[in-house]
Structure formats: C-alpha cells, structure tokens
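Right after this note come the structures.
Shared between the two complexes below is chain A, which has chain B as its partner in the first and chain C in the second.
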Partner chain A sequence: MGRDLAGTETTIRARIRMNAAAVFARASVRVRASFRESSWIVGETLFPFLAMSAFVFVYRGLHAPPEYEGFVVLGGAMIAYWNNVIWGMASQFFWEKEQGQLQLYLITPVSRMSILLGMALGGIAMTTTRAAVILIGGMLLFHVSLPLSRALPAFGLFVLTLGAAYSLGMILSSLFLLWGREVWHTATLLQEPIYLFSGFYFPVSAMGIVIGIAGSILPVTLGLDGIRQIFYGPAAHGLLPLRWIPPIQIALTLVFVTLARVSLLAMENLGKREGRLTLKGD
Partner chain B sequence: MEAPRRVLGRGGILIGSGAALETDALTRVFKARRKAGEVRALQGIDLAVHRGECFGLLGPNGAGKSTLIKILTTLLLPTSGRALVAGFDVADEPLQVRGRINLVSGGDSSGYGILTVRETLHLFSQFYGVPPQLARRRADELMQVTGLAEKANARLSALSTGMRQKLNFARGFMSDPEIIFLDEPTLGLDVEASRDIRGFIARWVRERPERTVLLTTHYMMEADELCGRVAIIDHGRILALDTPTALKRTLPAEPVFELQLSATGQNLDALRGIAGVRSLSHHAHPATGAVELRVVVVEDDVIGEVLGRLKALERSVLHLTKTEPTLETVFIHHVGRGLTDEESGDRDGS
Partner chain C sequence: MKRLAQILRTSAWLGWQVEANWADPTLFLAYAIAKPLATTLILFFMVKVVSQGHATGDAFQFIFIGNTFFLYVTEVLIGISWTVFRDREDYETLKYIYVAPLRLLPYLMGRAFTRVATASVGVLVALLFGRFVLGLSIGVPTTNWLLVLAAVLLGLVGVLWLGIILAGTSLVVARHSMNLNEGLSGLFFLLCGAVFPLDVLPRWAQSVSLSLPFTYWLELLRRMLTGHGFARSLAALSEGDLWRIIAGATLGLCFAAILWFRWCEGYARDRGLIDWKTNY
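Coming up: the complex of A and B.
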C-alpha cells in the first residue's frame, strides 16, 4: 500500500513537473519570438499607437475633459492584449492544424490546458512590451498623468482582467479548432466590433447600461472600466460600482477556465470521432 | 498497476499478450465527403507487433496505413474493434499511450520559423518531460546523425524543405519513445538524406532492442532493408504478413520480366488480357519518359505472347531482363498493381 502510494505520488509529481516544463517551453517560444521579428514589433506597437493618437486628437478637437485622453491611452494599451487573445490564443490551434503541427501537440502526454496556458503566459509577456510602449509613449507624448499612488490596485485589477480575458481565449481556441474554416473573418469579427462594445476609447457607460452589461461578458470591458475608475474616480463614468468588478473578473476566470477544459475535451473527442484533427489522410 | 488482461480477440489475436501493438477486428468508417455513403478505411485489422520489432506496413495510397497510424497514436477513434499500444487501449487510456509513443510523418515539418533548430528540438522534448540536460545531449546527438549540426543555431525559416524534414525526423526521437511511428519518413528526401535516415533507424533499433518501430513506406527497398516483418495492406485489409524473405518464398515460382519500352505507343492495359499474365505494373521513367513494365507470367513462354502484343501496340522494347522475386513482386502479387501505379478497375491484374 505504502509503495503504491509512494508510486502514485511520484507519478503525480512527475506529471506536474512535465506539465510545468511544457507551460514554460510553450511560453518561451513567444517570448523569444517577440524580440526576433522587428516587423512584428512595429506592426503591433506603432499602428495601434497611431489609432490611439487619432482618438486623442478627436477629444482635443472637441475640447473634451483631459481625463478622456487618459481613457484613450489606457484603452490603447488594453487593445494590445485583446488582439493577442484573438490572434495569438483563439486562432492558434487552428493555425497549428493548418500547418500540420497540431497532431504533434495532441500526441504528447501533457495536458492541452498546459499548452494553452503556455501560449497565454508567453502571449502576455510578449504583449506587455507592446502595451508598455503604448502606455508610456502615450503618457509622455500626450502629457497624460496617472496617479502613481493608485497604480497598485489598478495593477491588481489588470492582472485579474488578463486572467479572465486569456481564459476566454482558451475557450475560443477550442471552438476555432474545429469550426475555424473562416477563422480570419471570425477573428476580425471578434476584433473591430469589440473595440466599440468594450469602450476601448470611451467610457462604456456612454452606450447605456444594457449594451454596457452585455459587453461586460468580455473581461476587457469591465477591467478597463474598473481601471479607469481607480485612476479617475467618478470622472470615469463607471458602468458598475468598482467593488463589484474584481469578484466578477474572478468569477469569469473560473467559469471560462472550466468551460475551456470542457470545450477542449469535447472538441478533441469530436475531432477524433470525425477525423478532423489532422490534415494528412490516407 | 494491474497487468492487462489477456483476451482472445475476434480476429484470433491474443489481446493483452504484451505485444507493443495489438489490434483486434479494428474498423474505421468515414462519411464520404462529397457523395452519400461511407468510406471503409479499415476493415477488421488484426495485428500484433512484438516489442523490439521494426515492422513495415506497405500499401498504396488509400490503403488505410495512415488511418491505422492515427488510431494507434490516439488521433482518431476506431469505429469498432480494439487497439492496444504498449498494453493500453488507445480509446480508453490515451494518456498512457501518449507517454510511450512518438510520430514522424514524412513530408511534414515541425516547429516555428522564428526558432532555431536546437530550440525546436528542446521545445518538443519538454512536452515529454525530458530533463533539460538530457534534452540538450540528445539534441546534439540527433543533429549530428541527421546532418543538422552545422545548422543548430539557424532559424527554421532559413532552412530548406529537406532540412526541415530532417528536423521533424529528429524531433520524433527526442523523447526516446518506446514505440515510434514513422509514416513515410523519407518521403521527398534526396538519396543521400534517405540513406542517412535509414542508417539511423537501423542503428536506433539495434542499439535499443526493447524499442519498437512501425514504419510505413512507399519504398520497398526501405522496408526490405529495415523491417523484420512486413504487412501488405490494401483497401483496409491485411493481405499478407511475414518476414520479407518468407513473403518472397511464398510467391509461386513464376517468372518475372522487366522491360523498358519506348515512351510512345498505345495503352498497355491491353496486356492484361493475355492468358498466362499473372500481373503487371508500369510507370514512366521520370527522366527519360521511357515506360518501365514489370510482368509476372505463369511460365517463360508467355513472354513471347507479351512481346508480340507490344509490337501490335507499337511499343519498341528497349531492354528486357528476367528478375528474382523482390518485395515489390510480392506486393504486386497480392495487390495486383505496383505502389506507384494508379488503381484500375481490373484489380487482379490477370
């Protein structure tokens, strides 16, 4: 019995170690990649920065209160993460399948969730450099000041938001895997309209409570709303009371991770039954 | 862990006998994509591959080879029947199976263009829990034997297709699997690279007598050189299974003639109607365009009739030799056509 238990423990420990190594390995691909392709850095930093700048000048042209420029800079930084969730998480398994590489992941003994977690952590690390450039560049160029004393709670909410957003990316990843023939269009659909419904460049409450709450199924909506409230107080025109937002983000993370596990398993089994996980056939 | 229970399967294979790979009445049916009905990719495959064996699976396109490999590597579920890998059921215990196997599909490449060769090998080793130091050592060895050592720090995006295929091959061995599935591993590689790969497989099996290889290939010579036993598969059924030598011996002592014919002339299918022609296959030489024809006849005299018919078909005979049986002869005997031939309606070749 003791030996059995010891054996089991060793096996569990070995599995945890193996999955941790897989998470680290998959994350490191993205971290390495983020500094090797200069065109990506320009494309993912400069272009969003230009879009963000356009909104800043619109607000200036309208003589909007200065905090609106802060809303835009914070939104511009958050957009980088959402784009990564769509293009780097949701559609990734589909691209892997198209390259004939998905099967190499599926025959490994590690959990698919470990691979997705690695992709998420690597994506966060990669995107943080872009988001930081947008945030710091925006603050310097447009003289946006964010009170340093509120940085810590804002950072806490930001971490919760990323957890929920990337968990949603995990769900989308499994859905895209089998229904992703039009992945390019689906990803675009999840990108442009969400710039609107998430209030990346304006307080989401401006669209009314119903649309605002509907948009809050996307964690970036509430996360951004909460971070703006932390920095700007009532001037942020918050959608929901700030104290509600962290528990909602935690709940969304738990729900999304659970759904991602279930959906990934279901999609994999469906793919195995229908023979849709691989490209090469007999 | 409880030892696998031994059960006599429907196909007469002793399931759970401790073999590396076992299948019992394994069937896989796909829905046809563009028309109504279904495609029976596997039709009751019974197979037992022993530990330490290099086992070859020969079959034309569509024979069911890749479907069988997909089931054994847990990428596809069987429609009915059972498959065990290292004693574990592929449908019920996929995790136990995955820790013991790896797969190399010829013609595929693995990894990301942004990573180097060394980084790619390390990446895939980490999904099998290979300790980093051991992974580094293995990567060095594999890069050496596959001729990738000089490209260790080159990005994949800078590699040729052949180099990327070699890398994919090396990747499959990074986990030092108990059982490796090699699905046409030398497909598209040049002669020298193919020879290196075959040499590596032979050495790997020799140095690790407890390891098992399941090899599918289009190249008969490759199977003859590497495999202890070979199964010939077509239309989802195993038609013959034995050692290459024994398979050759099973052939009736029928003469085999190889002819080289002029590129121009009428269709050769008319030869199939000649009494005494057991089977024939032909293909055009890629460089010269000349047609290479292989004919199995029941007795030597029949070749005279074949030559007469060729003259009537306005085909000049450039070269004619009588050959000893090869694995390809065995294949043609069972399948009714060569591996590179298109399937015709007349499958018995007679």
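Coming up: the complex of A and C.
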C-alpha cells in the first residue's frame, strides 16, 4: 500500500486500475490518431507496398521458386511492425522531449512501463491495418499462397514475436530518452541493417548459422523464420527447429521486459542528474 | 556568380552542420555507409539463396550496379525536400532565410551538398565492397572512367532538379506529405529497373518505366561498367541514344524545376506558408 499525491493511501488494486487507465488512454489516442489524416494511411500502406513489390520482382527476375515471393510478402508485413517499434515506440520519448511534453509523462503517478505498454498496444492496432493491406495486397497481386489451415499457429507465433519486439522497443526508448539528434540517425540505422540481419527478404539461414544465431537476439528474426516454416515447411530453409522458437520468443519477452524496467529507471535517474530530460536534441 | 558561389558554399556548410556534426566523422561515416552496404548484402543473399537455380554472377552484378547508383536518387530526393520541412518547422529558420539577401533555390541546392557527399561516399564504399569483398568485376577493359564520372554527374544533376521540384512542393504542403517524397523514391525504385530487369514488370508498368530518365541512366551506367545491357526493352537504344535521352531529360527537369519552384515560392508567400507549422 502506498500514498497518492494527496497523501491518501492507495491500494494495489487502485494502482493497477490507474495504470490500466494509462495503458488504455495512451493506446486509444494512438488508434484514433492513425485514421486522422488520410495521407498517412496512403503513405504507410501504398509506399511500403511499393518497396516490397520491388523485392518480389527481384525474385521474379531471378526465376526463384514462388515461395520466395511469399517470404518477401511476409517480410514486408513484418517491416511495418518493426518500423513502428523503432519510430512509434523507441523514439517516442525522444519526440515527447522535443515537443516539451516529456516532463508531463514523468510527473504522472503511473509506471513508465504502463505508458509504453499503451504505446505498444496502440501502435500494434495502428500498424495492423497497414500490415494487413500489405499482406493481403501482396497475396492478391502476386498470387502468393499462404495455407489458411496454418494461419492459427502462425498467428500465435506472430503474437509472441510482437510481444518480444515491443519489449525490445521499451529498452530502446529508455536509451533514446537521453539522446539528441543521434536518435534520428540511430533509428534510421535500425532499418536496412536490421532488414538484413533479420532476413526480412530472404531466409536468415542463408547468412550462416553464426550470423543467424546472433541476429536471433532480434525477436523478428526467429519470428519471421518460424512463421515461414509454419507456412512453407522445409522450403522455408529455417534457421532453428520450429518447436524451439516459441519458447525462445517467450524468454526474450521476459528478459526484455525486465531489462526495460531497469533501463528506464536508470536512464531517467541519469537524465535527471545530468539535466538532459528537458534538453531538446535539435 | 561570385555571390552564387558564396551562397552555395555557406548553405553547404550549414547543411553539413545540420546533418553531420552530431557525431565525430568516423561515426558519421559508419552511419552513412551502413544503409548502402546493408541493401547490397540483402540483394546479395537474395541472389545467393536462389543461385542453385538460375541466378548467375551477371545477374547480381546488374542488380548491384543499379542498387548502388540508385542511392543518389533516394538520398538527394528525400534530403532536399526534407530540408524545407526541417527548416520551416523544426528549426523555424526558413522565414529568416527567406528574408536574407539570397534566393531560396540556390540555398536549397547548397543544402543538398551534404546529401550528395554522403551518397557519393556510400556509392564509393559499396563499389569497393563489391569489388574487393564480393569479388565483382566493376568495369571492363573498355570502360572509360571519365565518361562514367560524367554519366554519374549528369544523372545527379537530374536528381537535383527533381529534388528541387519536390522541395517546391514541400513549400506548399504540410509536413506529413513527406510520405509523398519517400513514396516517389519507392516508386522510382520499383519502376526504374534498379534491382530487376524491366521485362518482369507488366506491360503497362514498362511504359511508365520507359518515361523515367533514371531508367536510362541506370542502363547507361550498367553498359559502361559491364560492357553490355540489362533490359531487353532498351536493347535497341545505343549508348549515344541513352546519353541524349538523359541529357534532354535533365534539361527538361531543369526548366520544369525552376518554373515550378518559382510558382510554389510565390504561392507559399501569398498564403503565408513560409513560417507554417504543421507538426501535429
């Protein structure tokens, strides 16, 4: 039992309710905002679709087996989520600092993790509409077949992957909390190189077992690898046996959430000591 | 001319301070080359996984050259238009630049210098990586490197003028229209045959591809560096034809850019958009 700002004793139940309300508030703002500007919907669906299409045509130009086009379509949909982890989650506290609103978040009596969880859930909801367009568009336009009978296990692994990926985003947000302009450049750095090391457009096993394992620290690596194995079996050239992947993703989620909690506290205290929490990067 | 040179030099210096002084040069360089190397390796592994099938060393070489030089298109196009948004809304300095005794167009050209330099470093590193790490043969005995440089510069000038067109558009649209600029870059990536032969595109898309100057630019560079062409649909064109098309397109882009930018600048001033903030 603790006390709120008025000195009133608060129960654990009250604190849970307060944090749940924070999660809902932060998520709902993001969901509503995602449909506020129609150009965002076009920009976040059509243009990533174009980039994905280019890589589908690369495989067509190479006369690759048709499942490779499926790899690209699945990778293209996952890219939408990864970009949301980087730009909508990890960079969020940096943007709030730039807008002068970070201190409002920090003085609220809710956990930073609740705020980030709300961002994650809202981001997932927002990104799912975009990713669904990319996925369905890719399936229809390029005649990519994904066996619907395997959709449920694939979706289950996908949910585990998102949990781990957004937990990683929480750790990154604590780092970006203190940085200035390097946030922008670091976020950009976490795009194409991550597309490479996570095998967004090709089976990650093509890079060898050592690099593949190293890349598996990123949840999207094994998540994509597993989803491809579910849909395409041995043709997916999986890195690890499929049955290993869900426990690894669960373990990554637990590790990242714990690290995020520690990191957020440490970075916030460091920022307070060095006076960087209200310092604009630009 | 002296005044123009002064503006270009000063705005180039400013662009460097804005884009690059957040890190020491080594770290900045690492960040600058990470993206081109990553995209090169993505394509390398894509070819590698199917190479047991039908892909050949030639196939990757053509993809590599197209992807490498396309870096100019993405970096410079997005960079110039992004400058307008950043100066207008983040730094809120566009209005001060506008009232300074200089024209906006040469200022933006100067600001693009950092992007050109960064892209050039990326292209050079990617070419060296392809040559010494991936074992590609860049150039053939008949390759005239001065002509290659001239072709690169000619294409780059075209990209700059297209960037000015987008920068003019950025003066009159809100910040979130940045998606349009990035989308245009993605559209060019798809339609210019940068990483696949044009022949795999549907016929209607090939017609669009053949109307884009960068399609011919990449084909010319491939021919100069490998000794033969890539796209069957361009096989009937000689190198001289490609030079003429690119030169004509660059000239056309120059006129279009100047006229469009002047119109956008006037429109923005008439409607009070020079210090517009749309960051919501």
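Keep in mind that, in the parts below, the second predicted complex is superposed on the first by the 266 of 282 C-alpha atoms of A that agree within 3 Å, B and C clash if a C-alpha of one lies under 4 Å from a C-alpha of the other, contacts with A are read in each partner's own complex, and residues count from 1 in each chain.
Please note the rule applied: a residue touches a chain if its C-beta (ideal position, glycine included) is under 8 Å from a C-beta of that chain, and two chains touch if they have at least 3 such contacts.
Everything quoted here is computed from the prediction, not taken from an experiment.
Residue contacts after overlaying the shared chain place A:43 against chain C, while chain B stays out of touching range.
Between chain B and chain C, more residues of chain A are touched by C.
Once the two complexes are overlaid on the shared chain, A:65 sits against chain C while remaining clear of chain B. In the superposition on chain A, A:203 makes contact with chain C only, while chain B stays out of contact range. In the superposition on chain A, A:55 makes contact with chain C only, not with chain B. In the superposition on chain A, A:258 makes contact with neither chain B nor chain C. Applying the stated touch rule to the two superposed structures, the overlap between the chain B and chain C interfaces on chain A comprises residues 37, 282. Chain B meets chain A in the complex at residues 30-31, 41, 61-67, 70, 73-77, 95, 98-99, 101-103, 105, 107-112, 114-115, 119, 122-124, 126-129, 155, 171, 183. Partner chain B is touched in their complex by these residues of chain A: 14, 17-18, 21-22, 24-26, 28-29, 32-33, 36-37, 100-101, 103-110, 115, 269, 272-275, 277-278, 280-282. Those residues of chain A that touch chain C in the complex are listed here as 37, 39-40, 42-44, 46-48, 50-51, 53-55, 57-65, 68, 180-182, 185, 188-189, 191-193, 195-196, 199-203, 206-207, 237, 282. Of all the residues in chain C, the ones that touch chain A in their complex are 22-23, 31, 34-35, 38-39, 41-43, 45-50, 53-55, 59, 63, 90-91, 176-177, 179-180, 182-183, 186-187, 189-190, 194-197, 200-201.
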